[in-house]
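Let me give you the structure first, and then I'll get to my questions.
Chain IDs A, B, C and D follow the sequence of writing; residue 1 opens each chain.
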Amino acid sequence: MRKIGILTSGGDSSGMNAAIRAAVRTAVSGGMEVVGFRKGFQGLINCDYMEMGTMTVAGILQHGGTILHSVRCKEFMYEPGQQAALKSLETLGVEGLIVIGGDGSLKGAMALDSLGFPVIGIPASIDNDIAFTDMSLGVDTAMNNIVYAVDCIKDTASSHERTFVIEVMGRNCGYLASTTAIAVGAEFTIVPETPFDTSEICRRLQTRYREGRNDAIIIVAEGAATAREIADKIEGCIGFETRVTVLGHYQRGGAPSVFDRLLGSRFGKRAVEMLVAGEHGKMVGLCGRSIKATPLSEVAASVRVPDPEMLGMAEVLGI
Amino acid sequence: MRKIGILTSGGDSSGMNAAIRAAVRTAVSGGMEVVGFRKGFQGLINCDYMEMGTMTVAGILQHGGTILHSVRCKEFMYEPGQQAALKSLETLGVEGLIVIGGDGSLKGAMALDSLGFPVIGIPASIDNDIAFTDMSLGVDTAMNNIVYAVDCIKDTASSHERTFVIEVMGRNCGYLASTTAIAVGAEFTIVPETPFDTSEICRRLQTRYREGRNDAIIIVAEGAATAREIADKIEGCIGFETRVTVLGHYQRGGAPSVFDRLLGSRFGKRAVEMLVAGEHGKMVGLCGRSIKATPLSEVAASVRVPDPEMLGMAEVLGI
Amino acid sequence: MRKIGILTSGGDSSGMNAAIRAAVRTAVSGGMEVVGFRKGFQGLINCDYMEMGTMTVAGILQHGGTILHSVRCKEFMYEPGQQAALKSLETLGVEGLIVIGGDGSLKGAMALDSLGFPVIGIPASIDNDIAFTDMSLGVDTAMNNIVYAVDCIKDTASSHERTFVIEVMGRNCGYLASTTAIAVGAEFTIVPETPFDTSEICRRLQTRYREGRNDAIIIVAEGAATAREIADKIEGCIGFETRVTVLGHYQRGGAPSVFDRLLGSRFGKRAVEMLVAGEHGKMVGLCGRSIKATPLSEVAASVRVPDPEMLGMAEVLGI
Amino acid sequence: MRKIGILTSGGDSSGMNAAIRAAVRTAVSGGMEVVGFRKGFQGLINCDYMEMGTMTVAGILQHGGTILHSVRCKEFMYEPGQQAALKSLETLGVEGLIVIGGDGSLKGAMALDSLGFPVIGIPASIDNDIAFTDMSLGVDTAMNNIVYAVDCIKDTASSHERTFVIEVMGRNCGYLASTTAIAVGAEFTIVPETPFDTSEICRRLQTRYREGRNDAIIIVAEGAATAREIADKIEGCIGFETRVTVLGHYQRGGAPSVFDRLLGSRFGKRAVEMLVAGEHGKMVGLCGRSIKATPLSEVAASVRVPDPEMLGMAEVLGI
């Protein structure tokens, strides 16, 4: 392996830069060259790249986002896009590729590997919806961002007497909602995986109110409902004045947590070592204290099962 | 002066606890007793109070919100409510009162003082809309909260290529919006004090786009428009995909900044010293490096004029 | 099980309050009573306790330290102290005990369990030196505290041209030093587990200097050397001006990270469930995505082996 | 004015980058060119510079330190160094210079202005020891850094029972020590401006101990004593176990607070406007809500007088 390519794809997440830095420096210290493709698979198709050395990745470990930029690329989902990508790789003499991204991006990685080009995938998605890794890159930072904000809101909640509905990310996956609900001591959690009943929430809010507990925090995953919808139902049903916060893209960025810096560094280093060892068509993943690899085809065929222990734990502890 | 009362009223802001602590400890070290009324003027009317000593206020300096709780109290706007309040104060033997809150609360303080009961006001309002003080309590913390969140969003903005519209507090006053826009390097600021023209913003967004600068941050004060409205207009007008964040009550709370801890401590100490010295009917305020007092009637009659230097400065520096 | 006791022992760590809260609320919702012993085993010996209900643990999830306080207690290492502890437990009608602490505390827990009283241990130690758990309570928060501080120092390091030596905790274990070195991009790491050679560090500093790279970050675990010693050797050997920071107890406290809030919540809940199920003499531990229990005797007999992948990784990536 | 120079000198402080950015963008939008000299006056002497445009300063507002780097330069204190500097400025066609730094740097600025070259100074020094400005650039960030760390230490202080001695910056000036002591609720403050008596501190520590208050925070400015010295005296005198933290350069850097971003932006903009208006030989300073200018000669001849209100306030409130 003399030359390695690397790209970030899909929604950005904190820790991508740590993975890029580790991959580049591991490759350079092994005598290889590295090219970084800009804007994910789009850059691969357009042969839009930059040569990357030790100093290219200096000082990026601390920063959220991705220096290689990222877009969602529909063109790459089809044969012609993939052939154009292969051509770019061949033209540049790249012999192996590292793809950092979420489930869509990992499917793209798998497609390229199936066409005979060696690829290693690194799971990055703040939703934590990828199977075969305890944690995806960016989840820990996103959770800490959310909790930092909700801790602030709780100061007001304890000073006034109001119900706050806070909308967090998570289209198909309630991981962020259910973990942060535990971590802030929220009273209610609404996730896409479990049916919810607003009238039951209203009933319990009224019970709490009769006990003299007038404030409450409700965390809702965007894939289950919008915060506005929940707030309107509560106000319409029992007349409680509620306040809405939509954290939006605040959750995604910011200086990565130590967890994400370590995870990104380990993923990036291991991805290069695997390509050098001739392994490919796999995704690196965290498994306890170790980094383990799983075929991309297995990853694509699996859905991460939520921990039943986590779902509902906030409610038990929020009594 | 043998006994002092204290209360917090209106929207909570970070630093209220610092002011409570300083007032209590200054009073206690001067040999006075202190009672704290719960839930603002409502507690005054209902004679809902707690006795406060040195240890009651231990460990609160670090926390947002207010340990005395706060509500907006309509009943106190009228004569019967005010008479009930006077009766509570007389019953408890309180000889002077400190009111911590925003413009409405300071008007309540003035009303009570006009009825012959000595009151000192402390300006607390994250909008920074009170005249005769360089800064109100809670503004600095709120600005830092906003900027922390927008710094995170900028990581994503620089990784993807999108326009972000972020809604911050400020009903009649664009202070938070215009200062945080400077502090994050936002491209556009929309405040209530100045007319804005969405089509002009769209035109400039398109110019930037043609120059290859596809990301932009727009800070909008809630009193001028909702973030959703601005985003919809931009999408409708030039088709740019935009993202919305409504920071909501996140802005209000959290551990107070050093600025607010110092300001609250100085305000609380000075308020007690003034009552002891027989001064009343005044609001303490920050004036450069000094704390100065202004009659509450002058405060009520004045509107804080925005700094023309600040308004528009973000646009000059965001070129 | 009708009544459960709980205590925190040894050095405090962030997340202890989360574990206390979860244990109390899990017990209460299962119909049990809870008593908390103050100041660790000392409180057990002196029968110094508080009854704990749902509201006793309200609002503590966000705070570092431990509301039950903690000391190191020599008296409990010997038979008479342990007998006094058993007597307290019997007098109060406590039927099971949860001990939260580091290796010394877990040995105390084992001693009590051996005497026939059911005990469950929860590993809490910022050194991460306990076997049979991927992470101990407080490690993640400590790492983030360290990295926050060193990120600040790096701003100065890149503006001036100096070598900074930063001393972090870790008497026998270099986990904190080696992980944070990776996370900040430090150039050198000095840990107790591996011999180090200051003259080799000096030689490499000079090589970097000749390449025009004049700044460097050295992370040293307190168990290997003091920062002052390393700085003095570098100054004496090659004359470089160095700056020393000793982070001290700053590392230990502060609002717990989400990781530690979740870990503490899960540990506390599981500990109660195990006591109820009749399990005892065990320590709960994190094993990948699951909580697993290990006999305290096995824990006491084992030493956590450092990950060879982590040791030295900073140097590879810091090229 | 067609071309402006800018440099940062002396110890770095957070907000320097905000000032650089504002100066560059104000100049560029006024049709001027800007050159930045590297490593302070040394770069001026060596004609080591970079041309600066709008994009050179993109994304630096958020970062501590200074992109222009900074050193202390003895050579510039003497005539030959200053003449070399003038020659560089003439060669490059620079017509006005902005110097960002502390008292030594402002004296350098004055010397150059006296030789007939128009200079404007911007006060930047975390010690806040410069007269004619309410605050110097970097002070607010440094205070928040210190307080963040001491808040963490207080968690441990309240969980264990110990005296913590924390050393902060301030060679001749106790501003940082006295303000942060108020902001964290420290029990004792030791500053260079006021004589202190360790045996008095010991006596009061023992009184507190007899009252059951065993923990205490002592903030010491480095110019008064080292934390180690104070800790040793306390241990030697009354046998209390104490813990030492030396915050070191952690205080200096990190993402600037909003206060410092605004102050730097306003200083940088105004400095350019003054040069354009033909004003020079002055330092910009914060005076309440306004920016005011003072002749550099007056600044050099004055010493900032500490606020007597601040000194000793921590002790009053720490009762």
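As a working rule, a contact is a pair of C-beta atoms (placed from the backbone, for glycine too) under 8 Å apart; a residue touches a chain by one contact, two chains touch by 3 or more.
Predicted model, so just to flag it, every value in this text is computed and none were measured.
Visitor: Quick check on the contact graph: shortest path length from subunit B to subunit D, in steps?
Guide: Minimum number of steps from subunit B to subunit D: 1.
Visitor: What is the chain whose Cα centroid lies farthest from the Cα centroid of subunit B?
Guide: C
Visitor: At what distance in angstrom does the C-alpha mean of subunit C lie from that of subunit B?
Guide: Centres of subunit B and subunit C (C-alpha means) sit 39 Å apart.
Visitor: So the centre of each chain is just the mean of its C-alpha atoms; given that, what is the distance between subunit A and subunit C in Å?
Guide: Roughly 28 Å separates the two chain centres.
Visitor: Measuring from the mean C-alpha position of subunit A to the mean C-alpha position of subunit B, what distance in angstrom results?
Guide: Roughly 35 Å separates the two chain centres.
Visitor: Send over the residues of subunit A in touch with two or more other chains.
Guide: Residues 151, 154, 158.
Visitor: Any two chains that touch count here, so list every such pair.
Guide: All chain pairs meeting the touch criterion are A-B, A-C, B-D, C-D.
Visitor: List the residues on subunit A that touch subunit B in their complex, please.
Guide: 8, 11-12, 14, 63-66, 69-71, 145, 148-161, 164, 243-254
Visitor: Which residues of subunit B touch subunit D in their complex?
Guide: Per the stated touch rule, the residues are 21-22, 25-26, 28-29, 54, 59, 61-62, 134, 140, 143-144, 147, 151, 154, 158, 179-180, 182-185, 255, 257-259, 261-262, 265-266, 269, 287-289, 291, 307, 309, 313, 316-317, 319.
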